[in-house]
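My structure is below; once you've seen it, I'll send some questions.
Labels run A, B, C, D and E following the written order; every chain starts at residue 1.
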Amino acid sequence: MIYRENGQFKSSYAADQQMLPIGQDRVFMVALLVFVFAVLPAVLGDYVFLSLLIPFLILTIAAIGLNLLVGYCGQISLGHAAFMAVGAYAAYNLVLRVPQLNFLLVLVLAGLVAAAVGLVFGIPSLRIKGLYLGVATLAAQFFIDWVFARVKWFTNYAHSGSVQTAPIEMFGWTIDSPVEKYVFLLSLLIVFTLIAKNLVRSHIGREWMAMRDMDVAAEVIGIRPVYAKLTAFAVSSFYCGIAGALWGFMHLGAWEPLAFNLTLSLNLLFMIIIGGMGSVLGCYFGAAFIVVLPIVLNQVPAWIGFPISTAMASHLEFMIFGALIVFFLVVEPNGLARLWAIGKEKLRLWPFPH
Amino acid sequence: MSAMENDRAGRIGGQILAVEGVSLAFGGVKALSDVSFDVREHEVRAIIGPNGAGKSSMLNVINGVYHPQKGTIRYQGREYHHMDPHEVAVSGIARTFQSLALFKGMSVLDNIMTGRNLRMRSNILLQALRIGPALREENEHREVVERIIDFLEIQAYRKTPVGRLPYGLQKRVDLARALAMEPKILLLDEPMAGMNIEEKQDMCRFILDVNDEFGTTIVLIEHDMSVVMDISDRVVVLDYGRKIGDGTPDEVRGNQAVIDAYLGVSH
Amino acid sequence: MNKNTPFIAVCVALLVGLVLPLATGASAPGFYVEVLLGGLMAGVLYSLVALGFALIFKASGVFNFAQGAMVLFAALAVARLAERMPLWAAILVGIVIMTLLAWFIERLVLRPLVNQDPIALFMATLGVTFFLDGFGQTVWGSDIYKIELGMTKEPVLVLQNLFQGGILVNGEDFVAAIVAAALVGGLALFFQYTPTGRALRAVADDHQAAQSIGIPLNRMWVIVWAVAGVVALVAGVIWGSKLGVQFSLSQVALKALPVVILGGFTSVTGAIVGGLIIGVGEKMAEVFLGPVLVKAFDLAGGGIENWFAYVLALVFLLVRPQGLFGEKHIDRV
Amino acid sequence: QAQDKAGVPAQKKAASAPAGEQFFPVLSYRTGAYAPNGVPFANGYVDYLKLVNARDGGINGIKITFEECETGYATDRGVECYERLKGKSPTGATLFHPLSTGITFALTDKSFTDKIPIITPGYGRADSMDGTVFAWNFPLGGTYWTSSDMLVQHIGKKEGGLDKLKGKKIALVYHDSPYGKEPIPLLQERQKMHGFELLLLPVTHPGVEQKATWLQIRQQRPDYVLLWGWGVMNSTSIKEAVATGYPREKMYGVWWSGAEPDVTPAGEGAKGYNALTFLAPAGQGAVHKDILKFVHAKGEAAGNKEGFGEVLYNRGMTNAMMSVEAVKRAQIRYGKKPLKGEEVRWGLENLAIDAAAIKRLGFEGFMAPISTSCVDHEGGSAAQIHTWDGSKWVVEPGMLQPDMSIIKPMIRASAEKYAAEKKIVKRDCAKETS
Amino acid sequence: MSATAAIPTLLAVNGIEVIYNHVILVLKSVSLTVREGGIVALLGANGAGKTTTLRAVSNLLKGERGDVTKGYIEYLGKRIDGLTPAELVKRGVVQVMEGRRCFAHLTVEDNLLTGAYTRSRAETSAGLERVYEYFPRLKQRRASLSGYTSGGEQQMTAIGRALMSRPKMILLDEPSMGLAPQLVEEIFEIVQNLNQKEKVSFLLAEQNTNVALKYAGYGYILENGRVVMDGEGRSLAENEDVKEFYLGFSSGGRRSFRDVKSYRRRKRWLS
């Protein structure tokens, strides 16, 4: 009966609207922050940062962005990697052409460019719904991929279509080592998580969710679909644009249009579905599941000293990964975040079963 | 038929909404043909009629969800051919739905808060940072909503996702959401369907209180004749998309066409 | 203005685009016909995959992402089995395998997920996709395999006297077209006129309600997935004999997505017509429009067929949100 | 502990061997769309490493250990493999061999901090042969600029002189990725020189949809088609050529489009198709006998001997051999002990595999001599044309050589641009003693 | 009670407990019996657990992520926990779900026909005629998509659809909801007709206590997942508490809705 909210009363609406209304959660959060900022950098090796944590952090930002659109506003998009590409190429060109710009500003601008493009590709959502819209957004995916592969200006006339970046410098700090990147990205992620949380708790967030749950009723109480849907597209693309820029600059270092292909889009979608639609926390779970699990699965045979061929290992990885997706959905169709919530609920009732 | 009754009658004002010659058809189905009636300020106006008579369609027309092929709507002195749902909301007409149209994934509180949406002004950046005016605004509106929650006695379910609530409570949340808009006219589509007597009594009380305290004009669709006869000031009767009766409950009760089409003998 | 005006406008624009190369003399008539045929044939292949999609969606409301993986799996099975037995036997065994697969999917994936959100089911089929990709390669191998339908691959020149230079056609393509037509006809009849067909449509609308009135959901799903599996097998065999059977086959199947939305998710006819429109559209665009764009914007190569199908589908949806033959979305309040 | 991932646990250490092991990471792809080409290559590469252990007891007594990592030809997966393997074993990874131009682009960036050489024989960035900028890249034996140059020269010869190319039409059918796009600048340069028309026809990954491409070829009727494909794209191209009636004799593939998996799926139709071959045509030589004897006979063949003696198997083997030779060379300077990547680079920069060495190693007929330096990370490029006769590759006699007077300035310009973008300080090779 | 004892039991629900989502406990030991040829009403406020009880009988809980965790259900003396809904329909138990749930994209007639999935062709056409006899309005609208029909029409479609499977027992969930008074009477007349002429038994969940008790032979009152009262229809209707809280009569006769002034705390039998 450690985890209980009894005896924790709220005396104002502000207190009631806190993000973590339960005291134990706040303690846990502080401990977690100390752990990720202070303990992890001290104990983990480069590989974990470069291959697991950095992609995880960046893709979580992207997943939050996509979740705002799909999970909160109910507009399915299968083409969000394209907006990441927009962000990445916008940042590349900004850094290339206006070298004196501070990188934080570059990020914001890249996000804004992506938001603008997202807005344009969001227009069909005013007429098309559900999976139809999902497939329609594929047009964005393929068209934008194509533009970056074909219009030479975007890649600074690189003949291979591949671009590369130099390490980032900001306020005299060169973000180069894996740990530095990790800390920078982690801070960004926290900021973006808070912003997302704030948005979905505000009236704009409620407009999105209303649009998602029942669009006719939403209109009748005065929500304009145009505004709600397009802001969702814009904010969501903004997140993805920033994630794209980070993906290019902090993770890949050198990339080609293919780096932001349909597979990445689908992966983002997997993340939010596995993690939980309409849950910011779910994005963390989802990103961890999709980014980390395959890599871990791939290495399991080696760890347990079970000699199988790489081919077999990667086939197995596919099979187990697929089976796990189905398994988790069967256990909880609303994603890992819901599983987490149920777990917490049980903990709250513990030791009573109901 | 007390003093209060007369008092009410005295408060009923002039015409606020008028539907004139509205016709609406879906393919071959004539949902409404040439229907006209008016609504006066502060009255409780009931619409009754058999299933499929076009009652919900009528509300949808007023609401801007359906655009009639013919006819006009006069509201606050202005004449519309059809209205846009958003415009309607801004001009102070709120509505509940026959088969619930709540936002299933949101909590009761959030559902009702959406009703305050039109009045919330802070821009997206302020909301993102949740500072200053955004936070203040949020708390102010929360207070209004809490009052409505108290009024409708759904305090215990504030944080519950509405999808999990039993039907009757969902109906109440639907009403609460509409009330949160502080509308001039409230359109209610079978607010008491699926309720037992006790709950119906509560609901009637809520409706009358809204009507009395806030002076909200009410347009009500309902199949329970005792409710309609008890609480409405005037009744429109539709049948197969046509108006077959209009008047006070007593007048309507005596109308032979209405008896044949709808009431039957038992009432 | 009529509600259908934009739709008609788009159709007219497409038709104009279609005849433009010929009208302006940008293309020799013979070549034009070849491109048209090439597009139609590609379209038939898209249609075959799209058909599987549409079937499953229509009958169970599941957006089956695994259709491509099923095509690959079936093709691999037939190709590898045919190394050990005659082709017809391999196909028969293949059908049995696909039916078994349908049974497993129903048991392990669909049954536990009854009455869930479409998006959860969609996701589950993605899990199936991953599983099948891994499983297929483990069981059948990951090399390029051949399926020999016993037809010559060398093209024949026909109508040499009508068009200068003649027209190249492929016998194999015609077989594909005929098979596709037969499948579609049969399935359309099945859905419209049999109780099972009607029950399948009911299931698509509301799983739970269908269950409540005695439609055995489980059997329905096995049936429809097995049928989709057989359609996948047919598609796999035809594609495989043209392109070779290899992992990449499952990726081509992605093109079936714009096809189904253009045709309308729930329509068998739509899958076919959509496939043809997209096949012809994208080949025409690539061949005639591509070079023009490259010149105009100094692009690094054409390749507009990558997006053409999707953009075309998007434009269609904008003027007709339910697709060409899809059922209109019903929302009433 | 490094594991032999290809089927058998790694050899036990011989008691007499010097302490330590030389660790070779192996980035391979045995699954997915590119598996038909990735598998035989990886088999050849791994088999040769095993051979060195079994026959010679390692590199001068230093055992080789290795670990495979599946990249699936995907850049992000490749980078992850790199990160995973670069720090294995006390000395770290010897060198990386990404077998993907995309992965090469991504790793090039990292090589500067990690100081591990990346060898890309016959692929990767063309400008990376400039060792003063690309300190860690080694496109040994050829790049896409040398290969495309040789192809143009060959076509010129067929036409009776490069000047005869004027007014001719050459189409480049290429994989729409950095790999496929690399030859374009050189071809454009040559186009300016000789006045032929160049058609650029990109094919999207994975390359099974080429109908429109070949319709365009049928319309434009180019005199030659250069094929820059990989994996299933190659065989599809040949099939589409058959379907559109384009003569296979007029098709020339780059060396990655000239192996058995590229032609056999097309059956009879592939007859007459040509491709470049460098570092190993098909066939078997002395080294194959050794592999059969020391590796296969013991049942330790990687991946069921798939592709043994075929083009890609042999190329994988040759690549492994050059890597081993580089370590050997570096041992002369740094001593017979496990070497770091940084030390191996010296070996790679001072590689001199002459005809005698080739013969000694059992590779006679499989490669031309190579000699690298601090400035020149390619070490010379030479190749032949081979033609598929319906059942095997027939090598045309006569070596082709690129015209470096055209390529060198291009490389310099391109490397300068790269250095400027990445803010790289160029090496001064004169100062570095060799 | 003694009069009915001779009639064999059709359905027996024995002390079931139902939990949704592994955590939400909704039914707490509910028991009830339906005798052959009976009409049993299940009454209770919103959220009392009526629908849940019906779902537990028809085995439709799975789809709602609910589970029967205690107790069992017998039909014709055999336990039916393991049967699929389809098997139950074959055995004659069919549920008409709350909220109509017609197949929106099928026409009214197709909706009806799907109900006869378990029946032969001959039975189907006879059944269709029968349903059209009961509901002439449906015959008029037979060709329109049921998604576009009005609420009442949909309710009729749903009931008609269930009739198509020729059930022995129908679980009817809030049949009167949203129906015009005439139609409510009509539907209950039909229920009575079916019951008397075709010996179909009914278990019906209703809010409209008035009508329900008029037609039902026996009734159970559910509150907070427990059966708090049961008895013959007539005797329930005469019970003072029921009168006040479910029928709206107080000692002085029916009270006008307008006059219900104060918000009364509800009287509860439990808690």
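The working rule: a residue touches a chain if its C-beta (ideal position, glycine included) is under 8 Å from a C-beta of that chain, and two chains touch if they have at least 3 such contacts.
Remember, it's a predicted structure, so these values are computed and weren't measured experimentally.
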Intersection of contact partners for chain D and chain E: A, C
Per Cα centroids, the chain farthest from chain A: E
For chain B paired with chain D, centre-to-centre distance based on mean C-alpha positions, whole Å: 75
Geometric centre distance via CA averages, chain D-chain A, whole Å: 37
Gap in Å, rounded to a whole number, between the CA centres of chain E and chain A: 47
Residue numbers of chain A (touch at least two other chains): 149, 161, 216-217, 220, 311, 314-315, 318
For chain D, residues that touch 2 or more chains besides their own: 30-31, 35, 39, 176, 181, 184, 202
Touching two or more other chains - residue numbers and ranges from chain C: 137, 142, 300-301, 303, 306, 333
Touching residues on chain D, where the partner in the complex is chain C: 30-33, 35-36, 39, 174, 176, 181, 184, 200-204, 206-209, 211-213, 215-216, 218-219, 231-232, 235-236, 239, 242-245, 261, 264-265, 267, 269, 306
Interface residues, chain A side, partner chain D - complex: 45-47, 50-51, 55, 96, 149, 156, 159-162, 164, 166, 176, 252-256, 258-259, 295, 298-299, 302, 305, 307-311, 313-315, 318
Chain C residues within the chain E interface of the complex: 114-115, 195, 198-199, 201-202, 204-218, 266, 327, 330, 332
Chain B-facing residues of chain A, complex: 12-14, 17, 195, 198-199, 201-207, 209-210, 212-214, 216-224, 231, 235, 278
Chain E partner contacts - residues on chain A that touch it in the complex: 342, 345-346, 349, 354
